[in-house]
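Next come two complexes built around chain A: one with chain B, the other with chain C.
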Partner chain A sequence: MINLLIVTVVMGTPLLYGSISEVFAERSGVMVTAIEGIFLMGAWAGFVGAYLTKSLLVGVACAIGAGVLTAALYGWITVYLKQHQVVTGTAINILAVGMCSFLQRVIFGVPVSPLTVTPLPMLPIPLLSKIPVLGPVFFNQNILTYLMYLIVPASYFLLYKTSIGLIIRSAGENPEAVDVAGINVDRVRFILVLVAGVMGGIAGAFYSIGYLGMFTTNMIGGRGWIAFAICFLGNWNPKGALAGTVVFGFTEALAISMQSSGGGFFPNELFIALPYILTIVLTITRKSFNVPAQLGVPYKKEN
Partner chain B sequence: MDTPFFELRNITKYFSKVVANKDVSFSVGKGEVLALLGENGAGKSTIMKILYGLYKADSGQIFKDGEEQKINSPKDAMALGISMIQQHFSLVPAHTVTENIILGNVKGKIDRKACEKEIGELAKNYGFDVAPDAFVRDLSVGVQQKVEILKALYLKTRLLIMDEPTAVLTPQESENLMQFVRNFTAEGNSVIFITHKLKEVMEVADRIIVMRGGEVCGDLKCSQTDEKELSRLMIGKDLVPADRGSEEQSKNGEVRLEFQNISIVEHDQVPKLKDITFDIHQGEIFGIAGVSGNGQEELCEVVCGALHPTSGKLLLDGEDITDLNIRQRIDKGIGYVPSDRYRDGMVMDMTLAENMMLKTSFGKKWLKRGFIDKAKLNGCTEKAIQDYAVKAPGPDAMARGLSGGNQQKVVLAREVENGTKLIIFDQPTRGLDLGAVDHIHKVILGERAKGKSILLISTELSEIFALSDRIAVLYKGVVQGVFDRSEIDTEKIGLLMAGYAVDKGCSNEC
Partner chain C sequence: MNAKFRDLLLTTFLAIVLGLGLSAVMILFLGKNPLDAFGLLFTSIIRDQYTFGDIFVKATPLIFTALSFAFTFKANLFNIGAQGQFYIGAVIAVWSSLLMGGKVPGPLALLIVLILTAVGGGIWGALIGYFKARFNANEFLTSMMSTYVALAIMNYLLRTVLMEKKGEYPQTDALNESVWLPTFVPGTRLHIGFILAVLVAVGIWVLLYKTPLGYRIRAVGYNADAARMSGIDAKKLYVIAFFISGALAAGAGYTEVNGVQHMLLQGFNPDIGSAGLGIAILANANPIGIIFASILFGALNVGGTIMGQMSGIPSSIIELMEGFVMVFVILSYFVRARLENRREKRKLQKKVEE
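This part shows the complex of A and B:
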């Protein structure tokens, strides 16, 4: 059981990076539909950086760089060129898959045995990690997870208690009000897309070098979309994103443990599909949505 | 002469190739109320948006106290003490009054309590009854405007620009606003307000700038001019008021539409319409006055069939039509000109011809061998363009490309054609210029002369009085009495619109 909870936290970490960055961008009015591609580019670049330099730090930096570049492309097209967000995101996600497979082959050819790096080490926190149950679950994780612990409350504070948060929330509700207050709406939105690039890149790297220590082109496998869905299901609120992540992290953990132990009566595939089924079920059953009024609508000044 | 507070010199602005402002120069002095008068499209809002930094002028200069200023964004304008209230308020409905006011004007961590206190005091100083922690979505438009004004006051504005500020207010609210303007300017501040209403210009302005076709065509002291001269300057010609024709006709007509105790109550909520009972005769214009959002839209939708009442009956020529759907009612000859043509009236990305057949697209009359009879459709549209003097290149023009007044004329043409028995006009002239208003009024009176029944809903009392045979006031979904036009005046209506019973005076709310 404890093991299941440990894996829940592990699997939840990248989802939370993704969904929190999605919360911020969507609150400002932009759906980062390229999140799946950003995750993938982050995973790939993180692995390549870490493998070639033998430094995980460089790997994470590369992941952030790739995430930001992907996000910048997406942001430029959707925020500044005012193109459709779903179409643009879909195109970029397809592009990301092709790019990673292609570049992976260019750089590494066809290796005989799978290429691996040593994943991020667990850093037990003195004293705290000795607490029964809570210790191993929360305080024997890697650095990216610890960073996440700080980001959740910080993002809540930023969004609801500061002037910057007020600007972000207003940009998604009525961008004109922000414009009239003398703030550049497009710049606000673009910056948040870039932030989603940073966090999405880290999330991607978490899968490749934070956890598995290897890269395959299908390793994200829709988890970017799950982060995207968590943002919706969590009602565009960091707290909601946290709650959603716990649920999805747990189902993923369950799937993993069932795969290794055998699900008994149920086939393995059912557990692997569980997060995706859950997404659909929760989306259908969700009653009230607090959608930012101008979500997905590019801000165009009249004339 | 004193140095003016703000001065605009030779401002020219093009939108792509269309000139919006041409060589516009005028100034505003300290403590002065300046009215910017002109029809829609005269360039009033554009010149003010340039002063406020929302648009960038192609050429020209702006001076404050004799010194040239560069205003590139609203931030620059605010730094110079300029605030502007847009015609469509730029408030965030989902946020509180305080959050709206401090947006972009505070830094770092927000001390909610302190901000709310500050804004509460500011509101009190100016006698505004606004709760700082209320959500904007819960406020009436009149109060929302006060929030916009508070936003300006919070920034210690010296020059307040208001774009069509009274368009959404009751007469009493407008009076309060004018009082505020007087007090505000008495402190040495300046106000520019954009309007096309002559009456309020004469009431409150010190000086009037008249604009037409992007140019200034008059700079007059209020004391040295009158409404007639202003209207001539504004339009470029004299307007002959629409003729109401015979007064007798309507009284004798038979009952056409009958409301019998119609109510709309959803669950335990406040009724949207409550026990509405009145009838409309043939050849009668029945005017409904009231501040928007008091059930007018629901009333229209009950008649056109988009909403079904939870109780009560609706009769057309004695036949119960309560349960008929929209299409069946169109077939019965009910036309509906909705208040929001963008949302309910037209598809902006379709051609005029396509818009003309929008509501009768299922009808056989547009078909020829199973396909749309293009020739017939274009012919009809062409005729409408001629009859209604729509300024459009032809039936194939996109609706989006037309001005608001011309779009409205197209909707009007279609609904007059559909509505052989009854036509609902919901705010038919909102936001249109005097020329178009005049035209539409003539059309409405013309249809009345043909014996059609007209349900006219308007927040403009002048329109209600100019056209209606009988008048009802709607307040919170309740009809506050039905009056003959001669029985009632603006003041009484104003009180009814605000929910006061006329005979009891102002002290008791209904």
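This part shows the complex of A and C:
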């Protein structure tokens, strides 16, 4: 049982990075539908950086760089050129698959044995990690997970208690007012897309070098979309994103433990599909959505 | 030719050239000559009848999945679940074909399989529309997630009831030859599924632009509130549009199972849905444009695979080319809007001067 909770925190970490970055971007009015591609590019660049330099830190930096580049392309087309967000995201997601599998081949050729790196080490926090149950679950994780613990309260504070948060929320609710106040709406949105690139890149790196120590082009497998869904289901709120992440992290942990133990009466596929079924059920049952008024609508100045 | 149409052709052509050009630059990183590679790509697809025919074989399912996305797109709805609807269609097609193969006369069996596949995929898709109409569930999310559920269902069936008699691999037995879609060009794999796809594309165009239902769908897409005011039942349309969309994507399952593979196996065409979406983008969601865009993607697919076998360029170059072309096509939307804008301004200026 403790093991299940440990895996919940592990599987939840990248989902939370992704969903919180999505909360910020969507609050300002942009859906980052390229999130799946950003995760993938992060996973790939993180692996390549770590493998070539033998430094996991460089790996994470590469992941952030790749995530930001992907996000910048997406942000440029959707925010500045005002093109359709779903359509652009789909194109970039396909491009990301082609890009990383092609470049993987350029760099490594066809390796004889699978390439691996040693994943980020667990860093038990002195004293805290000795607490029964809570210790191993929360305080014997890797650095990216600890960083995440700080991000949740920080993002909540930033979004609701600071003037920056007010600007972000206004950009998604009433961009004209932001514009009248002399703030460039497009710039606010573009910056938040870049932030989503940073956090999505880290999330991707978590899958490749934070946890498995390897890279395959199908390793993200819809996790970006799950993070995207968590943002919706969590009502565009960091607290909601946290709640959603716990639920989805637990479902994934359950799926993993069932797959390894054979699952008993139920077929394995049921557990694999569980997070996706859960998303559908929650999307249907959730009654009150607090959708940002201008979500997905490019800001066009009247002239 | 009016100016708008000329812009469309010109910018789309430029987008394709730029997308392929950028992929050519990427080939340089491999230390290969991109001109040789692309020369090989273009000559290889016309090297013999079989290969040339394969372009249309590859284009066939793409026409269906692209139509699937484009159809709901016209109602401003997003069906990102074509991949899953394709899996459901493939499962129904293979299951019913296995049951009827050799027992029911071929043409009749093929017709029944087609109807079952379309209805089954349609119902799977209509659920998304129903959830939207009844519970206001975001169709983007539910359709996206339905693909993963469909994949799990397919994989489960493949290792249980549908598994081959030998019981070795998660795949079905081969279909009886009587339920294969007949080929119509000797020396190729080109089956009548391609003709079906083209006819369906034309049919969808007629449905969208020449019938009251199509008018209502486009009206909802253009302005849902105004459509509702004028008495259009948007909720009913959600279900209908998603039924048709699901049936279209399932059609790809039919042509792939009965026309090409003659069986169903794990890892079956995993990116036919996203490629279809890309094609819909490329064709500006126009059903007739989709036929040509699918043939282009089919050609890239066939040529890219051969290029990979003969010159050692990885077949991921195909996704790279498709991705770049799509990004440039989206940029061409922007350029076109600019051109149109400038023309309007000039017109206005002329009027003012008069």
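Methods note: the second predicted complex is superposed on the first by the 303 of 303 C-alpha atoms of A that agree within 3 Å, B and C clash if a C-alpha of one lies under 4 Å from a C-alpha of the other, contacts with A are read in each partner's own complex, and residues count from 1 in each chain.
Quick note on the criterion: contacts are C-beta pairs under 8 Å (C-beta built on N, C-alpha and C of every residue); 3 or more make two chains touch, one makes a residue touch a chain.
Please read all numbers here as calculations on a predicted model, not as lab measurements.
> Clash or fit: chain B and chain C on chain A?
In the superposition, chain B and chain C stay clear of each other.
> For A:Leu147, using the defined touch cut-off, is the partner it touches chain B, chain C, both, or neither? Pick first, second, both or neither.
neither
> Output check: A:Leu95 vs chain B and chain C. Expected answer is one of first, second, both, neither. What do you get?
Only chain C is touched by A:Leu95; chain B is not.
> Looking at A:Ala293 after the superposition, I want to know if it touches chain B, chain C, both of them or none. Which is it: first, second, both, neither?
first
> What is the contact status of A:Thr285 with respect to chain B (first) and chain C (second): first, second, both, or neither?
second
> Which partner reaches more residues of chain A, chain B or chain C?
Here the partner covering more residues of chain A is C.
> Regarding the shared-chain residue A:Val106, is it in contact with chain B (first), chain C (second), both, or neither?
In the superposition, A:Val106 touches chain C alone.
> Give one of first, second, both or neither to describe whether A:Ala177 is in contact with chain B, with chain C, with both, or with none.
In the superposed model, A:Ala177 contacts chain B only, not chain C.
> Applying the document's definition of touch, where does A:Arg169 land relative to chain B and chain C: first, second, both, or neither?
first
> In the overlaid three-chain picture, which partner chain does A:Leu128 touch, first (chain B) or second (chain C), both, or neither?
neither
> Give, as a whole number of angstrom, the minimum Cα separation of chain B and chain C in the superposed three-chain arrangement.
5
> Help me check something: in the complex, which residues belonging to chain A touch chain B?
Those in contact with chain B are residues 161-163, 166-167, 169-170, 173-174, 176-184, 293, 301, 303.
> What residues on chain B touch chain A, complex-wise?
15, 20, 53-55, 73-78, 84, 86, 88, 90-95, 99-100, 102-110
> Which stretch or stretches of chain C touch chain A in the complex?
26, 29-30, 78, 80, 131, 135, 137-138, 140-142, 144-146, 148-149, 151-153, 155-156, 160, 271, 274-275, 277-278, 281, 314, 316-324, 326-327, 329-331, 333-334
> Which positions of chain A touch chain C when the two form their complex?
Checking each residue of chain A against chain C gives 73, 77, 81-84, 86-88, 90-99, 101-103, 105-106, 217, 222, 225, 228-229, 232, 267, 269-270, 272-273, 276-277, 279-280, 283-285.
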